[in-house]
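One chain, chain A, links the two complexes that follow: it is found with chain B in the first and with chain C in the second.
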Partner chain A sequence: MPGRPAAQRIVVVGASLAGLWGAATLRKEGFDGVLTIIGDENDPPYDRPPLTKQVLTGWVAPDHTVLPHLEPLGDTRWLLGTPAAQLDRRAGEVVLADGTRVPYDLVLIATGVRNRPWPASDQAALSGVCGVRTREDAARLIDHLDAGVSRVVVIGAGFTGSEVASACRHRGIDVTVVEQAQAPLTGALGGVIGDVAANLHDANGVDLRCGVTVQALEGSGGTFRAAALSDGTTVDADVAVVALGGVRNTEWLADSGLASGPLGVAADAGCRAVAVNGLVTDDVFVAGDVARFAHPLFDYQFLTLEHWENAAVGAQVAARNMICAPEDRRPHACVPTFWSTQFGVNIKSVGVPSLADQIVVTQGSTEAGSFAAAYGDRDGRIVGAVTFDHGRWIDHYRGLIEQAAALPGPYDADLPDKREPARFPPHPAASYHGPTVVVTGHSPTAMDAVRQPAGRSAP
Partner chain B sequence: MRVVVDLAVCQGYAQCAFLAPDAFRLNGTEGLMYQPNPSDDLCRAVLRAVAACPVQAIATDAAVPAPADAAVPAARAGDAR
Partner chain C sequence: MTTSDTVKSAVSADLMRQVADAENRHDPYPIYARLREKRVNLLADGSYALGRYADVVGLLHDPRVSSDPHHASNPGSRLLVDNGPFIQRDPPDHDRLRSIATRYFGPPVSPGVVSGQEPEILSFVSDLIDALPASGEADLVDHLAYPLPVSVICGLLGVPKSDEEQFRAWTEDIVRGLDAEQQQGADDLIRQRQQAQVAMFGYVTELVQRHRAQPDGSMLSRLANDHAGQQMTDGELGATSLLLLIAGHETTVNLTANGVLTLLRNPWALDRLRADPDWVIPLVEELLRFEPPVQYLPNRVALADIDVDGTTIPKGASIVLLVAAANRDPDRFAHPDRFDPDRGDIEHVGFGSGIHYCFGAPLARIEAQASLTAFAGRLASPRLAADPPPYRPSPVLRGPLHLRVTYDKRG
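Take a look at the complex of A and B:
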């Protein structure tokens, strides 16, 4: 490899989809040095999307979603069950929570996200309060459902919450879904499609409560009994599923000097991590849910995408870029894609709908719940699309997005050419609570940007 | 055996659900559900489904040699330990 010695030791931090696919790609691309994979869970890499679908409906056992090794990983050292606690870039070592130091020449960060916990820890500790992020979460929830429940209350109607509600209805269990926004899925797909999703909940017998929040989880004898809502009503239930999204696992990087925080770990389009001072590193790479990378197709905005496809593809791009010659590196420029199955409907999306201002239904019928719709930005360029049971058209829309095409009109002659506001909720302005970065030094060549130590105020 | 379907690629042609109905099912008209770790007696049917998928969305570890077979040069593997 011109210009630098070939890496002998690569450490992958994170043993889920991105970590495994990254490791497999390293071997496929010819890395024959020492490969170490670190994971906080005890289990070998397993697939998470089935947990809220075929696992929760009871068809597949929670421990039967182990991911295949698509490449021989050869002599790989697995350090499972202990999380990484620190990245010491000066020493070139990953430090585990038990103090073990693992030296690296190159490191791939793929620590993903964890379930956002219910904020009141005493309420979260009630028996019957569950999440669904890990295999263990799913097994615990299934134990509760199998024991017989009168009602499940799902907190949050994003994709996870909606899939949990769907699985409960599939099992004949009464379910109440509480969503702060005016409809399900609005964060990802906007209010127009949210209204379609709300109809889906209604048609499948879900008690959907939108525009309200859960104020408290009430229990007696350590067991969850009811959820108190902001509209003054109470929902009696035996199980509460907390589906409020994820928290990115970046705390272990706090002293690493990387530009990391609640929004993720910043990276360039080639998956190289960015340091606090804005410079790109050459030995730290990032992939999966925790990566916040500059996407060439969307004005180089930093995007975090918690999608299966982003983890699978991003890890392959990152791994390849880690060991190829610098001039052969490629960007992770894939158009984002995601999918969900709920209430018997196959939902697929490409692009980044949340960047859109307007939406137009292009095929089928939203009333019938089978359609395609395209999202456009304010300049009239297509930035995303969604299909409900129109999945075979997704590739067509992906092609339009890749070509930065104009927002199309309806393809079906009987559809009105109606572009309407996509109705995304305003982005929470105060979502970033990371430490402050300040500029130091006076001479232009001596200036740097560093993280302000916690608690110190500006002079 | 272990199976993963790239559901971004899957287009719901359902050839797998015809050939290996105990491992692949449609939920509704086009949403695929599958057994990620089907039992060994389903292996032949699953491999037929893999071959028949029009968009080649199904991957398995059936053809991947076990770790012991992997070609890791002993000298290199021993480095830097």
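Take a look at the complex of A and C:
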């Protein structure tokens, strides 16, 4: 079979970290054809982590977060401000919301995640109800905070919600945090570490309400006034920050024939998109928050990792694999790292703690709020680690995870050799309703798998 | 131990003696290459030396590796002092002491301290160059590389510059004895080092008392008088002051001098720096990889049996981490023996890594960048009077003793 002709036209869909680093890597690796970058926001690629940290505390202006171009992108076409609406794989075109058709030989999907909106749209429209995902969101929230507020209610105590609460306390603003789970950060780090995080909230004067949900956002005259909680109480506040996690931007791929849905876009370890029928594509690649890829280190489970490093590294691997010889392709096998700063504490995490059953504190002291802990799966293998103000040790744990080492015991002599359940909530995937796929065909060797139109009825 | 193991360790011990040998000071890198090749090297005193990048980085982040010499099963003469500075401590004491010191040196509490030194550093470098002969010859160690960091650290800490001669002599004795165990005449070196340590400790303790009586804005004064947060004991304060005073200039002088030497050996780099002063940033990083001022870390200790490549470093054994060897590991860096500031990937361990990562790194960078830019920009057609130059005695803190440079004209 003759080799494929070299790609002349590459389209990157998504103009945030993964899109930018993907484009930069394509140029660095020698792609000199037509490069187009499509983004739904008007802004050039910017860095999101500071938005809930330095930007909210007022140290950095929202528009001072532009991502540097690590490689010259050369002659690149930027189509910003209009989202992609469709991927027409048969025609080899990305179709924008305004009908523009952008032809490609290869396409990199890096459309990321958007903020999960407050479900009641009339309540979400109240002035004072904010999310934090984009630069615009951050600027709007700052305007509210600058105007002077009596109290902010933060809905959701994941990393984003906790960082927002921290920034508010830093500014001397009263905060109530409402979290459905029994403690903050439990989805990412489990209940043992969640309890440590709860102490942080308490010590910093946050009014933390766990095991409770917000039932309604109440307003008057179009302005948010109070949040009604499931325990019957009401929190009076001027600002509500909706920090309920993200929704993956995959709707535009609904008719593309790719295995995409609320869980992300499935991809092999080399970042090639998987089609509905389970076959790997040759011309569609995926990177960043939206990629759901088979990780070799974690039993080839399909993982989505909404971390900065995963976006930056995944995009580089994907871009390289797009244009290198097939035999030179490499897997996106990086052990992901994540960091957060809240209440003056530096939190770092490596690996995939949420895959763990057990946890052991290995260094420092959870009471003192300065420690390292390692996560193990049910076979006793280390799969993740977290540090609170112990970040310079994180590379040790990364090394252990990379080597698929056994879960270590405590390194500090005064720590008890105690492994305990990590206490993760049930995986939320169980509650997703992705599109149904069925197999069709008349003989066992001529089967295909296709998406079932919605509304399959019971036999 | 089998006979062949004994032979192997004899070879390793001999290699490490060659590194310490003054004859090889000008170019220890071929010896490091052999130590790296053997990966885990058992030395004559029972220490283990490692030089591969992955091993050095791994052990620098390994909680089973201690920096406290008291844990060594053969502590012998190693840098044993009660109340050692944070470079010789483990968590949680290390973390407590370092974070107190950081309060007066860097972010988040004092973000402007280092960057605030920059105008003074630039003007002092300019004065030093002004003081050189208009043409002819100058020793750029005595007249550039040494005076700048001494002046900066004295100002920052609050140490009278008039005491420089006094603490210079002590510092020389301490530095020379840093790795006495691997050198000839170890006993004398160790005795001199210990005497100098005691004397210098007395000096800084007295200095701290003076700062208590007459506070100013200097770092020692703030350490001694600030009662806002956690405090150091007087002993800890003395040990910290001693560390900052020695490390604050002994290492940077070598970074700058190695930089001048490397530029003179690579005229293309000198021309490029002259044309593009901003290029000094990757240039100094590449210098930290190519000619690191701290060549190895001689005083780590295994707190448990540690397996590296099938060899067990037993609990209590001393570990020597060869950062200069790691920086030239061909498994980590392409063409590692080439000086190439444009390599892009310069993740050197010249400042160490992990919790003991160089405390003064941001200051050292600014000092070296300022000195090298001024050297390149203001001396026309500089060339080395002698290559290799004479070296200072220490194999650990390695750098030229003198660097006689002739030039056509001072600009």
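We take it that the second predicted complex is superposed on the first by the 450 of 459 C-alpha atoms of A that agree within 3 Å, B and C clash if a C-alpha of one lies under 4 Å from a C-alpha of the other, contacts with A are read in each partner's own complex, and residues count from 1 in each chain.
The working rule: a residue touches a chain if its C-beta (ideal position, glycine included) is under 8 Å from a C-beta of that chain, and two chains touch if they have at least 3 such contacts.
Note that this is a predicted model, so its numbers are computed, not measured.
In the superposition on chain A, A:Gly58 makes contact with neither chain B nor chain C. Judged by the touch definition given at the top, the superposed model places A:Pro117 against neither chain B nor chain C.
Looking at the shared chain after the overlay, A:Gly399 reaches chain C, while chain B stays out of its contact range.
Of the two partner chains placed by superposition, only chain C is touched by A:Gly364; chain B is not. Between chain B and chain C, the partner in contact with more residues of chain A is B.
Contacts of A:Tyr411 after superposition on the shared chain: chain C is touched, whereas chain B is not. In the superposition on chain A, no contact is made by A:Pro421 with either chain B or chain C. Counting contacts as defined above, chain A residues 344, 392, 394 meet chain B in one complex and chain C in the other. Partner chain A is touched in their complex by these residues of chain C: 57-58, 61-64, 91-92, 95, 108, 303, 353-355, 357.
Residue ranges of chain B in contact with chain A, taken from their complex: 1-4, 6-8, 10-12, 25, 27-37, 59-61, 64-67, 69-73, 76-77, 79-81.
On chain A, the positions that touch chain B within their shared complex are 8-9, 32-34, 46-47, 49-50, 53-54, 57, 59-60, 64-76, 103, 308-309, 312, 337-339, 341, 343-346, 348, 389, 391-392, 394.
The touching residues of chain A, when paired with chain C in their complex, are 344, 362-365, 368, 370, 372, 392-396, 399, 411-412.
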